[in-house]
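Below, subunit A partners subunit B and then partners subunit C, in two separate complexes.
For the complex of A and B:
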């Protein structure tokens, strides 16, 4: 209201018009379905989950309120530590490499013309549409320690066949590599959209300015593609913190305690051990980690771009 | 400062020929305007000189160097683009410095040149802003500044005024003329606006359909057009074209009879005209005056009062329309019967191939 009081230079009728009742009603009708769905399917379950994390409770049914005990337990839980560091390790192995590789491929694809460009782009995008089960089968077969087509190559380096998914130091890097291969198509697409957004005239001006290819990349393409890079990094960060499927599938039957990520810990606590309260606690912590990291990263990267 | 020579230059995109055997010389320090409608090839020609398009045949020389195999930066030209093509993430200063940094110009020298250009173009107070914070006219000046600091042998302007509003366009046009007077550098200016061409050019290249129609000074183009296209394209309002019923001769000069049976003595020697006698009569509105003594009569369909003069769109008895001029305080109204006086001495005739014949 104070804005209306102080803005004396604006005639009152014009102000009133801005809050036309019909318009407000129409606006409400348009946003209502979303707000309802969002409240029922997101806000309510989230609050329920936070509430559940203060209880010793099974997945379904009543439990007893124990305050912050679950959180205290969590920080002493060795498995939580392993899951946390595994997740962070996986994020480190995937996010930046996937983003840089996608940018490099996008720049290459963007230089191609016509059907050749479509073909190459399709080749890079096809893995993205595969379900994780197929990805698991394909790579499981390729890395199979006896019959895998990649084993001769591995033997060439290591001297013998290596059961990659049963060798702890190789497990995460390999799954990270497969994940990058699997999901990179979408990032490439985002980068290509960003690159096409740069006016060709700017490159022509740069050509007349005698800009070398390297300087053209560092001084023109990279700064102009920076907002897309931030977007890709953030999407990647969120997605990779939630890693579950690949690690679960490839790690199944092995030492799953050693390869476990945070989502897997939630799954095991809540669904396998029926400890809903503890599962909810891990979930809340993961939720906070993702919120803090993604907001921080987005803000920091954006600030750098605006400098 | 250098001259620019084009020798039999041609270019095609796939099967489509966009430039066919174009030859011309642009003198050192000359302000040359490429004028023509959209798609006539004028921008392509400019981009070929800049090195942004390859040529498929012919030669381009700038000064004493053949440049058509050289990359754009080595041709010694600077270009101002239609959409300015400023680097959006760099400040005005960085935009102007970038090209000089590329060729490792000493920092002090860059600072000196940028400061001088900013002063000339009145950009000093905007020097640390980014293009997004500037108006269209300011961006335009930054684009010119970026060209000036490189001290090029020639400036190339690709429709630089087309994104400005009418008032700013007129002012910037004058600034271009002053810039050329001050720098005295060879300039090529591409436009589809004949007023820009007429006011700025030392010479105009009129292009149509991938070919050069005429090269000449603005007044040559205006008063002695080489073709019907040039006659129609240059001048506003456009030239009147009337069918000729019969072509005859009086004392060696051609006489035309218009569809309403009026006869007009032209200043064009009959001997120069094609023997088939098939011609179209052309006359500019300012050579057709509303006059009580006029020989041709018609009805005023539309009257445009422009202040210093009045234009009357007069329908003749055969339904053809002639644009005629009257004084500013004209008393004619729509629907009035008016008489028109044709100044045949400044008229033109066009044969079936659209070749023009003018008096003198």
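For the complex of A and C:
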């Protein structure tokens, strides 16, 4: 009480007070653990990675400085082009569908009451807690070209069993579908939290005015849920740009040059071929791509939402 | 209860006085033996631990075969956190040594453990060396074989007077036999793991070897000269089976075995490491037919089969060197395993250790004895940093050979692309 009084009565000394040594010290003590961890585990390795990308070096150990040669090689590398477009394709196939589907499911789940709501929500969330290896085995067997339980259905449409993970045009869409199934639970949770934050009084008022359900959605729910949508879209975008596990597992032994994403190119260069310098170069470029895309997306979407 | 209490008391006393009681060496072991042979290896390790109780104890971990195993070995070696001993494919040795993952094993160390080069076939022993330095000790020779369903083959008249399959030699003969088997009511004539490059590479490399084709010549060129034509021929053989529905397209590993064990395909090409799978199923009475295994038929000029060798290697441990006592213990483990490798023959493999391979027990062991000829006709992967398990050659097999077998790429074009890709990776 008295603090606010002083602040309003004599603003200048109060502002000065903000920077008194004790407070700065306290702030430092609270922030320091994070800053140290962040610097040691993120900033330092990132700088090392950038430095490594200017070298011809094995995965671990010293190398020779070669300037921008790795970058020159990268832009001539056919595999980099393939990996880039595969990654973009995967992002297109997953980000918006996963967000919209999650919103639709969240609105549906939100209308349920009591234990029924918990049960349905749990059903959608359970896949999210599965490790990727389990997801791979489950779907691998369901789609197995000889014994998969889904093959009779596929044969109805295609006329014969289809090895989906060894048919190039089907590979990415199938893996994208599985990824959406696997990870959608978390997005639903975020949307439900967002929907619950919308005051029911607004809907009551709208209902009194005789507003249709669709109009309620477009005029109330959609604008008010927009910040959450932007958040989900951004999280999704970053996560899907880093796609590796599923594509690697389902593509292993197959035409990996045609199905690989950027992270897999990093893995192959650095870990399989022991070419740490080139792996770091791809990683730096991927890092820049993600930064540019997510900043752009976040800004654009936020601006649109504020209109 | 009292006994275990006493044990605990003794154990804690022992732990408190390491200087008095002789410390037990714990040997950390990594392998990639997840197939039917893994069970046999676990039994061998248990036997070792029982015989050496109080002196050496092996603590084993089985990791995922192929690229995951070798990348883990590679990174752990660089930071000194690897195992004390591990299984290693000899085909990959040049790549492993070039990336600094392996520690040299000296002649003195080998002698101290009672091992010598004379106990192994010369080519096998040499394959464990790079630039004259020993980096591994061979443990077995393994290959691919032709598994057969004797009941179905007999019905098709393909079993000879000696009780073994007959009439399978030659490309056209073999295909006619497959057709006969399919006409006899089988879903496929032969089951192959056609969804991945590794299994297809083994068949391809056998067929290339049967024509004396060289995948990588002495000048470092891939598929040079008429080797390309031979490679195309080898690829076409398998692609034709798939095209005519005699072999399943794009089939995963477990499914390819299930097609055979389930009686849907009377023939199956796979590694000897699946022998235990068949033995165990037959013992439980779940197979439903009499099975056998023979060396691959001769499709071209002479018998030849792809082969590789499991060996034991010691990873480099940069900045975390092990004690001389531990290294001695590791060498003892390696020597013991080789001297007891008759049990490893149960896993389908051919022991690398000559005294065991020449023993009467091994010579009468079935089905190994039937296909042990392949030890003499073996063609090993090219010795190159680009070849071997989980190497660029294996990746290329997935990218070009596998789709060619499944009819997605024309064999001619596939082999040309494979050649150019690998040649482009030569530094």
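FYI, the second predicted complex is superposed on the first by the 291 of 307 C-alpha atoms of A that agree within 3 Å, B and C clash if a C-alpha of one lies under 4 Å from a C-alpha of the other, contacts with A are read in each partner's own complex, and residues count from 1 in each chain.
Quick note on the criterion: a residue touches a chain if its C-beta (ideal position, glycine included) is under 8 Å from a C-beta of that chain, and two chains touch if they have at least 3 such contacts.
Note that this is a predicted model, so its numbers are computed, not measured.
Participant: After lining both complexes up on subunit A, report clash or fit for subunit B versus subunit C.
Facilitator: Result for subunit B and subunit C: fit.
Participant: Looking at the overlay, what does A:97 touch: subunit B (first), subunit C (second), both, or neither?
Facilitator: A:97 sits against neither subunit B nor subunit C.
Participant: For A:220 in the superposed arrangement: first (subunit B), second (subunit C), both or neither?
Facilitator: A:220 contacts subunit B only, not subunit C.
Participant: Contact-wise, after the overlay, does A:205 reach subunit B, subunit C, both or neither (first, second, both, neither)?
Facilitator: The answer is first: A:205 touches subunit B but not subunit C.
Participant: Using the touch definition from the top, say if A:127 reaches subunit B (first), subunit C (second), both or neither.
Facilitator: In the superposed model, A:127 contacts neither subunit B nor subunit C.
Participant: If you count the residues of subunit A that each partner touches, which comes out higher, subunit B or subunit C?
Facilitator: Per-residue touch count on subunit A favours C.
Participant: Quick one: the Cα-centre angle at subunit A between subunit B and subunit C, nearest 10 degrees, please.
Facilitator: In the superposed model, the angle at subunit A is 140 degrees.
Participant: Looking at the overlay, what does A:59 touch: subunit B (first), subunit C (second), both, or neither?
Facilitator: Once the two structures are laid over each other on A, A:59 reaches subunit C alone.
Participant: Subunit B and subunit C, closest CA-CA distance after overlay, in Å?
Facilitator: Minimum C-alpha separation, subunit B to subunit C: 52 Å.
Participant: For the complex, give me every residue of subunit B touching subunit A.
Facilitator: Spelled out, the residues of subunit B in touch with subunit A are 50-52, 71-74, 77-79, 81-83, 85-89, 98-99, 102-103, 146, 150.
Participant: Contact residues on subunit C for subunit A in the complex?
Facilitator: 67, 70-71, 74-75, 78-79, 98-100, 195-198, 248-252, 255, 258-259, 390, 392, 395, 398-399, 402-403, 406, 408, 421
Participant: Quick one: which bits of subunit A touch subunit B in the complex? Just the residue numbers, please.
Facilitator: Residues 199, 201-202, 204-212, 215, 219-220, 223-224.
Participant: If you look only at subunit A, which of its residues touch subunit C in the complex?
Facilitator: 58-61, 140, 144-147, 163, 165-168, 252-258, 267-268, 271-274
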